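First chain written, first letter: the chains are A, B and C, and each begins at residue 1.
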Amino acid sequence: MKLPARRTSYGVKGAPYTFLIPATLLFLLFFALPIGYAVWLSFRKVRVSGLGLGAGAREEVWAGLENYTGALSDSELLNGALRVLGYGCIVVPVMLGLALLFALMLDSEKVRLAPFTRLAIFLPYAVPGVVAALLWGFLYLPDVSPFYFVLDRLGLPQPDLLDGGPLYLALSNIAVWGGTGFNMIVIYTALRAIPAEVYEAAKLDGATPLQTALRIKIPMVAPSLVLTFFFSIIATLQVFSEPTTLKPLTNSVATTWSPLMKVYQDAFGKGDIHAAAAQATLIALATLVLSFGFLRAANRRNKQEAAR
Amino acid sequence: MSSPALREAEPSAGTARETAPGPGRRRRIAMVPTVTLLLGALYCLLPVAWVVIASTKSGAELFSTFTFWPGTGFADNVSDLNAYRDGVYWRWMGNSALYAVLGALLSTCVSAFSGYALAVYRFRGRETLFNVLLAGVLMPPVILAIPQYLLLAKADLTDSYLSVLLPQILSPYGVYLARIYAAAAVPADVVEAGRMDGAGEWRIFSRVALPMMVPGLVTVFLFQFVAIWNNFLLPYIMLSDDEKFPITLGLHTLLEQGANTPALYTLVITGAFLAVFPLVALFLVVQRFWSLDLLSGAVKS
Amino acid sequence: MPYTKRRRLVSSAVAVTLGATALAACGSSSDDGEAQSGPVSLTYWTWTPGMDKVVDLWNKGPGKKEQITVTVKKQASGDTLVTKILTAHKAGKAPDLVQAEYQALPTLVSNDALADIGGNVGDARSKFADGVWQQTTLGTDAVYAVPQDIGPMMFYYREDLFEEYGLSVPATWDEFAETARKLKKKAPDKDLTTFSANDSGLFAGLAQQAGARWWTTSGDKWKVGINDAATKKVADFWGGLVAEGAVDNQPMYTPAWNKALNTGKQIAWVSAVWAPGTLTTAAPDTKGKWAMAPLPQWDEGGSSTGSWGGSSTAVTTDSGNKAAAAKFAAWLNTDGEALNALAKESGIYPASTSAQLSGAFTTPPEYFSNQPDFYTKAAAIAETTAPSAWGPNVNVAYTTFKDAFGAAAKNKSDFTAALDTMQQDTVADLKKQGFGVAE
């Protein structure tokens, strides 16, 4: 007789809570408290008296929703949001599509050189961001880039990669290059967890490798696809390092190109942590709505499929 | 209970082969995965190759020779890096290793506990707790860093190794990953069977579930290691003693020599090149765990 | 489920608010009595390369006698260090000594991060030019920092290429424009120089030379004059050249820019006295081919220049040993041995007038071995530096400059419009912060 799955019984009720103590404690200390403080800061502002020099010139006062209304009516922030949405539409599908493709390829039976390619695709993750501006400067700037050199020799047109439309491609490329390996590994590990019996059954039914991939593997790694999608959305809405990397190389990337760059600028450049906190809270809320909305939709679909 | 089958089992003779494509087509199809992956590898390796080649160039060659043409200054670059402030670079490398190894280990532990609890048990507030934990990721780290600094300042812990370690131990990504791996790899009946055998919850976790979760936990470790290794913002806010810097910060100070002093480009590139090796080594070590048969731990005695 | 979530939120919000109030209640530490009893240990946040060797001289010499040890902590530079200082100050943990650029001093003083060290370094005043000293007093009776280095601006050009193309060194900006156009006619693929929007200090220095005073005070209010006549003149001048195509519009300090200097695609650079260091790294192949001349003037026969960069040493209000720290700051920037070491180890050009012609500055920099009187000329130029006028939100102005002028340079559009944007944004930020702004 098969026991019902996952039933807590005979005195193990306290166990999950005990297991979760470390995580909860760390969360309270390093996430909840700072987030709370940041939100609290977003309702305050600094008032300056007189010339503002010397002791006692500045004091923190209550600001109510001033920082929020300021953020919502700030055209820089809104433009940044639009830019980032466009950027996300390129990055997320391409990066996850590639990650899925590579993971499936790695998982196929007839693959060769898997350890090498696995390492190679993961390697971009290992290049520190500090080096990135230099690196992409060498690869993107017309005067030094080998690609322009080749295009020049072949007599082909040389688009300015750091301007207008191509700029989005240039930025997306950096993100895709850096992030595909990460997501590939996540999906790949999930693929390895699929029990062998499933494949046996498929083979007995005469499924080709392609059909196995599409009908069996992809649905079975759906949770990890959801995971990577969720975190990709967050990473995209909070994009910061790619535009900051390209900024010194070109006139086309403003200091506030993405919303998070504006937050950084206000917090660290202007020293106005209050406005930055309000903007960050708004960004967090937007991300929350988008990603949890997506998660809810995905879960509903899963339940529907399971019920079938 | 069916006996667990090996991953690479060949299909039984006869049935499958009747529907298989001819030998030529099969060979071409077999090449598809390898070729696709090689193209992907090429795309990913090209900029890394830049780092390798650029580190062989001396200062004079860096901006004057063709980008992918190797230079002659590698040995000089390495000795310059070594000489910079009496070898502080190696100190930075050691610091990065300390933060990343210790941080990732602790993080994997916390993720393992939490993921297991969330996957295997059903309890009140499970989904709420999980969602709140995930929501912690939504607030950009940029804005969390300052409150975290002020918090640690109250405990007089700023500018210490702990100040960089502690905030990075809890990783919502890690918990999420651990949860789905635990859900996939640890069947409920195994846990029940353990309980029926009279094992306590801790024994079930450590003796039964943990070995099954190993490949997933290895992934968690790898990610947290790389995340901590590459983290710039947190150490930047917390540390002011450059003897405690990780490599990311150290290289940054080489670039930001001040408005009027030129950046030490060759040192930065050589430093970045050398920093890739530990990560490659780690990855190679970690790869072994992914080929472990996931079901081997479930074989009943 | 939603009900429990809301309840959790409320209770956690209350808890968090209480915690946060406790955090905010911790303000900056009040300053200490100044009695120094026993050995004192100071920390010094600086980015000047080689500073630890200079500090060694102190620790083994005068510092040993006074029992004051200084430790150097090198971490960030310029604006980013200012942010770190302010964040640390919020927690009351700023170091004893900091390096601060002149334009950052009002921001730091405005946050009450710097202590008045007038009592301890007042006699150092004579060692510096008036214009330089004035930047550390901010027009008050207090002294907030000791000047360390300055960056008087001058004109660098490729002597050999100027000869090749028959160009003469411009003495006025009009001549400069002519030279640029002449070069374009003779060699269309070369540029005299580029207008770069990624270093605001350059534009600020040029405006300074033209007589601009961006921030002034009238009573209790600040007055922002970024788009005053002098700066407009400078903006229009460069905007015209960029629109014409007479100069390039690419940013400096990129691999492409380095290559342009190295291959002679750009043959001149409007820069400051520290240019030899940058040129050594960026354009090593052209060593010995460059020459330095005074900056072109707006008026025939005029002689003034601007300042690009330069920093000072300040003592923070969080320090428990302000007198000792001030002593060290004074020594570092006025003592002959210290300044010599600074020149040797750090390659910086001293603000102290006596040091500008001694020690390391008796011979020209290696890169300019073809110009033996390099430093004599530099000292003479430094004397003509126009006064600067900084305010409490220089970083905002600088950032707006980068964005507005960056776009204008890219589109070759009207620089005056960009300048107006810069003015408006700076005024708006001042008002937002709560300062009184005079129109």
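What we mean here is this: a contact is a pair of C-beta atoms (placed from the backbone, for glycine too) under 8 Å apart; a residue touches a chain by one contact, two chains touch by 3 or more.
Just so it is clear, the structure is predicted and the values come from calculations on it, not from any experiment.
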Query: More contacting C-beta pairs: A-B or A-C?
result: A-B
Query: Any idea which chain sits dead centre by C-alpha averages?
result: A
- prompt: Counting in whole Å, what is the centre-to-centre distance of chain B and chain C, each centre being its mean C-alpha position?
  reply: 40
- prompt: Can you give the whole-Å distance between the Cα centres of chain A and chain C?
  reply: 36
Query: Could you state the distance in Å from the CA-based centre of chain A to that of chain B?
result: 15
- prompt: Do you know which chain C residues sit against two or more other chains?
  reply: 23, 80, 253, 255, 259
Statement: The positions of chain A in contact with two or more other chains are 32-33, 35, 37, 134, 138, 144
Query: Tell me, which residues of chain B touch at least two other chains?
result: 63, 132, 146-147, 150-151, 252, 265
- request: In the complex, go through chain C and note every residue touching chain B.
  value: 1, 4-5, 8, 23, 26, 43, 45, 47-49, 52, 73-78, 80, 84, 87-88, 90-93, 95, 101, 151, 199, 201, 253, 255, 258-259, 262-263, 272, 274, 277-278, 280-285, 308-309, 311, 346-348
Chain A residues within the chain C interface of the complex: 32-33, 35-37, 39-40, 45-58, 60, 70, 134, 137-138, 141-144, 163, 248-252, 254-256, 265, 268-272
Statement: Seen from chain B, its contact residues with chain C in the complex are 59-60, 63-64, 85, 125, 127-128, 132, 146-147, 149-151, 153-154, 158-159, 236-237, 239-242, 245, 249, 252-253, 256-263, 265
Query: Can you list the residues on chain B that touch chain A in the complex?
result: 2, 4-9, 11-12, 15-16, 19, 29-30, 32-34, 36-38, 40-41, 43-45, 47-48, 50-51, 54, 63, 66-68, 109-111, 113-114, 116-118, 120-123, 126, 129, 131-133, 135-140, 142-144, 146-148, 150-151, 166-167, 169-170, 173, 175-177, 180-181, 183-185, 188-189, 192, 195, 201, 205, 215-216, 219, 222-223, 226, 230, 232, 247-248, 251-252, 255, 265, 268-269, 272, 275-276, 279-280, 283-284, 287, 290, 294-295
Message: Residue numbers of chain A touching chain B in their complex, please.
response: 2-3, 5-10, 12-13, 15-17, 19-20, 22-24, 26-27, 29-35, 37-38, 41, 98, 101-102, 105-106, 108-131, 134-136, 138-139, 144-146, 149, 177, 180-182, 185-186, 188-190, 192-193, 195-197, 200, 203-204, 206, 208-209, 223-224, 227, 231, 234, 238, 240, 260, 263-264, 267, 273, 276-277, 280-281, 283-284, 287-288, 291-292
